Amino acid sequence: MTTTTASVPAGKNRPYSGTGDRLRLWWDAQARPTQWLIGVPFIVFIAFLPVLRIPVLTTVGTDFGGVMAQFGMIALVAIGLNVVVGSAGLLDLGYVGFYAIGAYTVALLTSPDSPWNLTDQWLSQRWAWLFCVPIAIAITAISGLILGSPTLRLRGDYLAIVTLGFGEIVRLLADNLTTITQGGRGLQGVAFPYFGGTDKNPDGVFSAGNSDAPWNSGLWWFWLSIVLIVIVLLVVGNLERSRVGRAWIAIREDEDAAEIMGVPTFKFKLWAFMIGAAIGGLSGALYAGQVQFVVPTNFNVINSMFFLCAVVLGGQGNKLGVILGAFIIVYLPNFFQGRTSLFGIPIDGNDIAGYKYLFFGIALIVLMIFRPQGLFPARQKLLAYSRGLYQAARRAALGGDRATSAAAVLADGPADASSDVPGAGTKDGGDR
Amino acid sequence: GCSSKDDSGGGGGGATGGSTGGSSALSIQPLVQIDNTGKEVAASDASGAADPAGDGSAKCSDVSLAMAGALTGGNAALGLNIYNGAKLAVDEHNKANADCQVTLKKFDTEGDPQKATQVAPTIVSDKTVLGLLGPAFSGETKATGGIFKQAGLLSATASATNPGLTTNGWSNFFRGLGNDNSQGAAIAKYMTDTLGYKKVCVVADNQDYSVGLADVVTKTLGSAADKDCAASVKQGDTDFSATVQIVKSAQADAVYYAGYYQEAAPFVSQLRSSGVTLPFISDDGTNDPEFVKQAGDASKDAYLTCPCGPAPSDFATKYQASAGKAPGVYSVEAYDLVTIMLKAIDSGVTDRADMVKFFAGYDGQGVAKHYKWDSSGELASTTTWVYQVK
Amino acid sequence: MPLLELDNVSVAYGRIEAVRGVSLAVEEGELVTLIGANGAGKTTTMRAISGIRPLSTGTVRFDGQDITRMPAHKRVLAGVVQAPEGRGVFPGMTVMENLEMGAYARTFASKAEHDETVDRVFELFPRLAERKTQVGGTMSGGEQQMLAIGRALMARPKLLLLDEPSMGLAPMVIQQIFRIISEINAQGTTILLVEQNAQQALSRSDRAYILETGEVTTTGPGKDLLADPAVKAAYLGVA
Amino acid sequence: MSEPNSPDSLRAGAESNEQFLSPDGSISTSEDSREQDLPDGEVIEVDVDLASVNPDLADAGTVAEIVAADREIRAEVGAPLLEMKSVTMQFGGLTALDDVSFTINRGEILGLIGPNGAGKTTAFNAMTGVYRPSSGSVEFDGRALGSIKRNEITRRGIARTFQNIRLFSDMTALENVVVGTDARHRTSVPGAILRLPRHRREEKDAIDRGMALLEFVGIGSRATHQARNLPYGDQRRLEIARALATEPKLLCLDEPAAGFNPAEKEQLQDLIRKIRDDGFTVLLIEHDMRLVMGVTDRIVVLEFGRKIAEGLPQEIAQNPAVIAAYLGVPDDATA
Amino acid sequence: MSAVLLHEAVGSVHAAIATDVIDFDSHRLFSNFWALTVEGLSYGAIYALVAVGYTLVYGVLRLINFAHSEIFMLGMFGQYAVLWGMGFLPRGNAYDEGIALTVMYIGIAMLGGMLVSGGAAVGLERVAYRPLRKRGAPSLTFLITAIGASFVLQEFVHFVLPLLTDHKFGGLNAQQPIRLVQETTVFTFFGADVTNVDLVIVVAALVLAFAVDRFVNATKFGRGIRAVAQDPVTATLMGVSRERIIMLTFLVGGLLAGAAATLYTLKIPNAVIYSGGFILGIKAFAAAVLGGIGNLRGALLGGLLLGVMELYGQAYFGPQWRDVVAFVVLVLVLLVRPTGILGESLGRARA
């Protein structure tokens, strides 16, 4: 029997600590049913925000549902980019390229303006979007592979500029290959999922035409993205708590050491790129469906920067953090728009909104100074079946505050902890 | 100390607003109004133009009009031109009609299609909004047309000129000016028939509007379009050396540029300073006092077109007083379209469907031109104005 | 008055106090050794002295002056020079450039003085003379260690801080290094030495301090400590 | 500037060339990577009771079994495992290794010693694929290493530690070791996403083995501590545990005792012996003669890139060439 | 997808490329080769000067200073304001002050631009980066701050500057140009016109590049810069003041950006606009990487190369492919030489 010592005083610091870790600590302390009890209503609450229209929160000048829909898409983007940047530590400044490829795949296959339009041949407009989403994901993943295989040999900042170039090249191709993409004229009439058509909304709830607030198309797209986010979180969470996720972190921390430890670093970097790309492509497909119109200008470098801001602002490496980051990036610029008063104080929101990029820039600088690790930094969990281990540690930690000897606390620990070991983490999805 | 190096001693101080081009005192002067075949048409008589003030006895309550376009971001100037024109009309109306106070609500789309899809539902769900002036750009109009269509809300644009917009069956959509087909065809014909060019280099930037316009111009020019020196540049470019080289080494009679003044000004400057003296012809995106200010003497004699007519001087005066600057492109169209909406309200229109009907049946003179639409929402007859920098 | 005096110095990394209330003094001309187990806080103490780690409490006095708040690079000007643990060779600079960096804060009276200093270093470490133009990063571990020590000598400090100079050196070179240390010291440079090779270090030093988990536990003349059975057991590996 | 075979390999982990960008990618250049002021925060780093997690690991016997689970060596102790065959390594005009040949036999601890700059680390790098020899070859387990990738070399069974510690400092101790097991695992992305049985098996195995290895090197209770916060000695142990997790046939240690005091060296010596006794083969580079003499079975001596001696420790200690080149005559008899 | 569809797809790609989308006009390239080279070199010289700023800061802080493009932009405004202050009012036509005076005015304007840019760079370092350094923030945090600073500087010129200067400077539109010289051909070179502006640009850039190179490679400060770049802690232990070195680095980068800005506006007087730094900044950054980021001479070489390649590419493929060409060249070079043409470290700049 190993002896346990409480020699390490509670109070050792860690690089990622603060709200994120504290919250995670608390969350892990909850029993599984409790976690469900808290988690599900919370997600439902978020999902219904555009319906509830809480006064100060709801945007005025733009439709809140629409804003949330965009948030959903950017959240997906942020989760995908987080795999690449946050986990594997590969600085990708051209992520918007994947977003664009996803959007253009759907648009090229379903827009009547496109030479490759399938909808007038054998694919019904109703199913076209759904049919194209997997294609979009596959094509972006492949483009991730194509971009990655030659360039992932490059290190750090070389990779950054090459990816930035890639993002630009994608946009410029969309712009220049006018016979296929219509260049700057864009592709119109992109398909969207057909669902719940009524007399009033003959094209279904996802149609841009559905504008009966609050149940308008924005809300539906938001819901669709929530579902996709949850799925993607499960997938990414599973990856993180596996050999793959550990390899990513190891690569991020010390690529040479990782390789010498036998980790096939190139392969896993490539996977990170492909997975990130695929998620970006999925989000792009959502975008194309929602807006039903794609033009190259929506995919310029600045958007890559915004995506990266979402990731770093939220706390790179932390999936929930980056979602929060995405929310801030999307929501803040819309907040002032059209407001005539705030908390009873009369303002000219449109005027303020005119300065949004100024404020945005200042906010970025200030936030980074005060929270250099991001708003919501937290350590990833990298082991799938170690719930018991961490629970034992946590109990000891909590016990350490009360009793000085952790051993005393541990004494009553083993019973339920060990019962929790094998496979207990199986359903530990989504990291929530 | 240094004395002024400005040997001609002129003003040129303020960097905004003024319509003169610095010390060389160049400005954009209307030259001729032409039809789609490049033939001159006499300027219409604007004296009977509809007046937003009406007879001063209108009654209405709780109605508003919306304006959507880029109010912030890089293209804000264009949106503001439109907003200010609309605001002038509404102010005049409200001043004259104490019992019918119409609110003008502005919605910022930044010119971004996705942003516009978020803004559109807000406009639609505001039940007091009876008519929409906008969206301003073709791209965002494409993205949101379905929303307004489904809501049955009048969407009258003072600026979106992409020809495709009226082919979607949007019965609520009206265009207050000629589309790029007519502008492009008109100037192309004018170049070959009136100005007598045999070879023209068509250069365009990469934006929706420019690409479309360049297409039409090239097509209409037919064999007069010189393929060897056709070139495409990018929004935001400032350095056109390669394009200049291309033009320089071609044996052309003129350069046509489809795009906006931001790029047109440095382009023409660089053409001139590398010794290319070919005539320079451009479009409504370039047709802005800024162009002359930026390009200076290089802009001299350039032909600029616009489906929009020149602002009559009394309009310009009113506008200057209200907006604090000279009217820009589409200010007049915005004023006219909002005037029509106000007339509808004054005549008792209280719901969206009636507003659309009012537009469909409208036939009247405006400050800029005569307004009467065909069933697709295009003006029944369109003309293009040719201006020249002098 | 001691040349260097630490009074109740504590240094923390985040919440961990690596050094707790350490007081020590080094008289002018002395050779003083700091020994202690891994993680005892020796390096941390050195870093506090040269100013690259801020103190949480306490004061550092050098040459009669309170230098607690003096930035690190100014301390070098004042005469405190450290050959850091882990060598800190500039990987992209040649051997010669690395040596020049050692004299960054020093102005030589003449070219001759400069050359003389360089020659002395080359005399001590002939390997460096052979490899003047080799890039620092490609030197072997031991060669880098020689370079680091040689570089510190270029500065001709009043107080020389040596953090484990024998680490990674071959046995023969270690003996040589210790001889050099004694020699420099004899020539008038005050030295504070951190060593794992307690045997050698203690036998050559005037006085020594033993650091345990961040605190000074024992102090005394080097020879006395060498004879102390507790010290023997813990640091000399004599069971 | 002289360059080895590829410019990249310069930065690629040669022990003597260890000034990398700080591995955590930190831009804060005010201090080295271990030196940052980190924000204060909550803690969960408390020692764990192993038995509370995995009761199987409670007794030392099982530990040893898990560590050395599928060793297939004992039978072949003494057979050559790695052969350096006339390896020459040149950097520009400098010959760092000059026609060096020696053999490492299964189950032994081979010491590699020599003066500074003799080419020990270079030899080591030639074995682990960091450099490719200018001429000659390295054969491992009967096959030439040729130009296979570094991670493949590890997979074939060569593991190493670093002279300057290079742990994944943000990870916990256990996670570090589990990364080491990567070399033996085959689950890839689909398996991990779907949590296929093999993934579960491997994960479970990795954690069990990881805990056992931590236990084996004596830091089992620190499993959930972040590597950066471990004391130096424990970090060294963790490096060894991580290397062992790759299930190597040959474990290469480059100056593992650097910075240890004699008492700590003693413990290390015991650990190295234990590793050998568990069936691993060990290559040890070290300047501490007491450690080298105390633990190695055989010694190879290099000088100026050439092998000058090879033999049992006692022989080497008496060898006049070695004494002249390397050992010197001790100043004091006690050392 | 069915085979037919695939066939169609391939077919239309071919069609697209064969028609007017890409030109593949080798005639245009070769007949204008020298003219393109001259133009390319003068743009390249400007990229090179800006690239030095990226490279130095990167070398010392491992930071991609995204806001450097805005430092450049401020330099354009700085020199503009100085010219204005000297009595040159904006107008459409070029001034003609004679060679000597013009060169003097350019020199003064350049000084102004350099001061503004240099000051802004140092200020940026103080306000935005230093606090992060004090907190030991991870590198991406710096990058995000740089992006934030980039927004702030642009929007400052866009919105705030006009309010402060009575709408003389800044705002949405480009400044009305001040043309100091009319670009005229001085001599021809294999049939390519070499203009006075080209000459000024290339000569000024060479002088500045030489000066920085000497500064970094041959002075004590320069050695300090390299030391901090390679190992900041040890550099401190050698008596190098890190903060001062960092400040100096930003200053040098800023000064060069200001000089580059002046040269650029000489070439393109219309370029003085709040958003005018962005694209050029990306190009310059690419140039820095191309040469080997952190490597001073690499930055200079990379800038020239990029400038020239871009123009060749434009002539061959058509102007709309310029940026594609630039990035493709970059990628190809990096694939062959993963750390840029001259390799990486500031320390090896003398190779």
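Here the chain labels run A, B, C, D and E in written order, and each chain numbers its own residues starting at 1.
Everything that follows uses one rule, which is that contacts are C-beta pairs under 8 Å (C-beta built on N, C-alpha and C of every residue); 3 or more make two chains touch, one makes a residue touch a chain.
All values derive from a computational prediction rather than experimental measurement.
Trainee: How many hops, at fewest, get you from chain B to chain C via touching chains?
Mentor: Between chain B and chain C, the shortest chain-hopping route counts 2.
Trainee: Farthest chain from chain B, going by the mean of C-alpha atoms per chain?
Mentor: C
Trainee: Which two chains have the most C-beta pairs in contact?
Mentor: The chain pair with the largest number of C-beta contacts is A-D.
Trainee: Any idea how many Å lie between the Cα centroids of chain B and chain D?
Mentor: Using C-alpha averages as centres, the distance is 73 Å.
Trainee: I'd like to verify one number: the distance from the centre of chain A to the centre of chain C, where each centre is the average of its C-alpha atoms, in whole angstrom.
Mentor: Between these chains, centre-to-centre, one finds 50 Å.
Trainee: Give, as an integer number of Å, the spacing between the C-alpha centres of chain D and chain A.
Mentor: One centre to the other, that is 39 Å.
Trainee: Please work out the Cα centroid separation of chain B and chain E, and write it as a whole number of Å.
Mentor: Roughly 35 Å separates the two chain centres.
Trainee: In chain A, what residues contact two or more other chains?
Mentor: If we look for residues of chain A contacting two or more partner chains, we find 11-13, 175-176, 178, 354, 373.
Trainee: Which positions in chain C touch two or more other chains at once?
Mentor: Where chain C meets two or more other chains at a single residue, that happens at 13-16, 52, 89-91, 135.
Trainee: Which residue numbers or ranges of chain E touch two or more of the other chains?
Mentor: Residues 62, 132, 135-138, 141, 230-231, 233, 242, 320, 323, 338-339, 348 of chain E touch two or more partner chains.
Trainee: For a test of understanding, state which residues of chain B touch chain E in their complex under the given definition.
Mentor: The contact residues of chain B facing chain E are 2-6, 8, 10, 12-16, 21-24, 26, 74, 76-77, 206, 227, 230-234, 236-243, 245-246, 249, 262, 265-266, 269-270, 273-274, 290, 292-299.
Trainee: Flag every residue of chain A that touches chain D in the complex, lowest number first.
Mentor: Going through chain A, the ones touching chain D are 1-8, 10-18, 21-22, 25, 89, 156, 235, 238-239, 242-247, 249-250, 252-254, 256-265, 267, 271, 275, 373, 379, 382-386, 388-390, 392-394, 396-397, 400, 406-407, 410, 413-414, 417-418, 421-423, 426.
Trainee: Please name which positions on chain A make contact with chain B in the complex.
Mentor: Residue list for chain A touching chain B: 60-63, 65-67, 69-70, 175-176, 178, 183-186, 188, 201, 203, 207-213, 216-218, 287, 290-293, 295-298, 334, 337-338, 350, 353-354, 356.
Trainee: Which residues of chain C touch chain D once you look at their complex with the stated criterion?
Mentor: Listed in rising order, the residues are 13-16, 35, 37-39, 52-53, 85-86, 89-91, 127, 134-146, 164, 167-175, 178, 196, 198-200, 203, 233-239.
Trainee: Mind listing the chain C positions that touch chain E in their complex?
Mentor: The touching residues are 50-52, 71-74, 76-77, 81-82, 84, 88-93, 97, 100-102, 104-106, 135, 151, 155.
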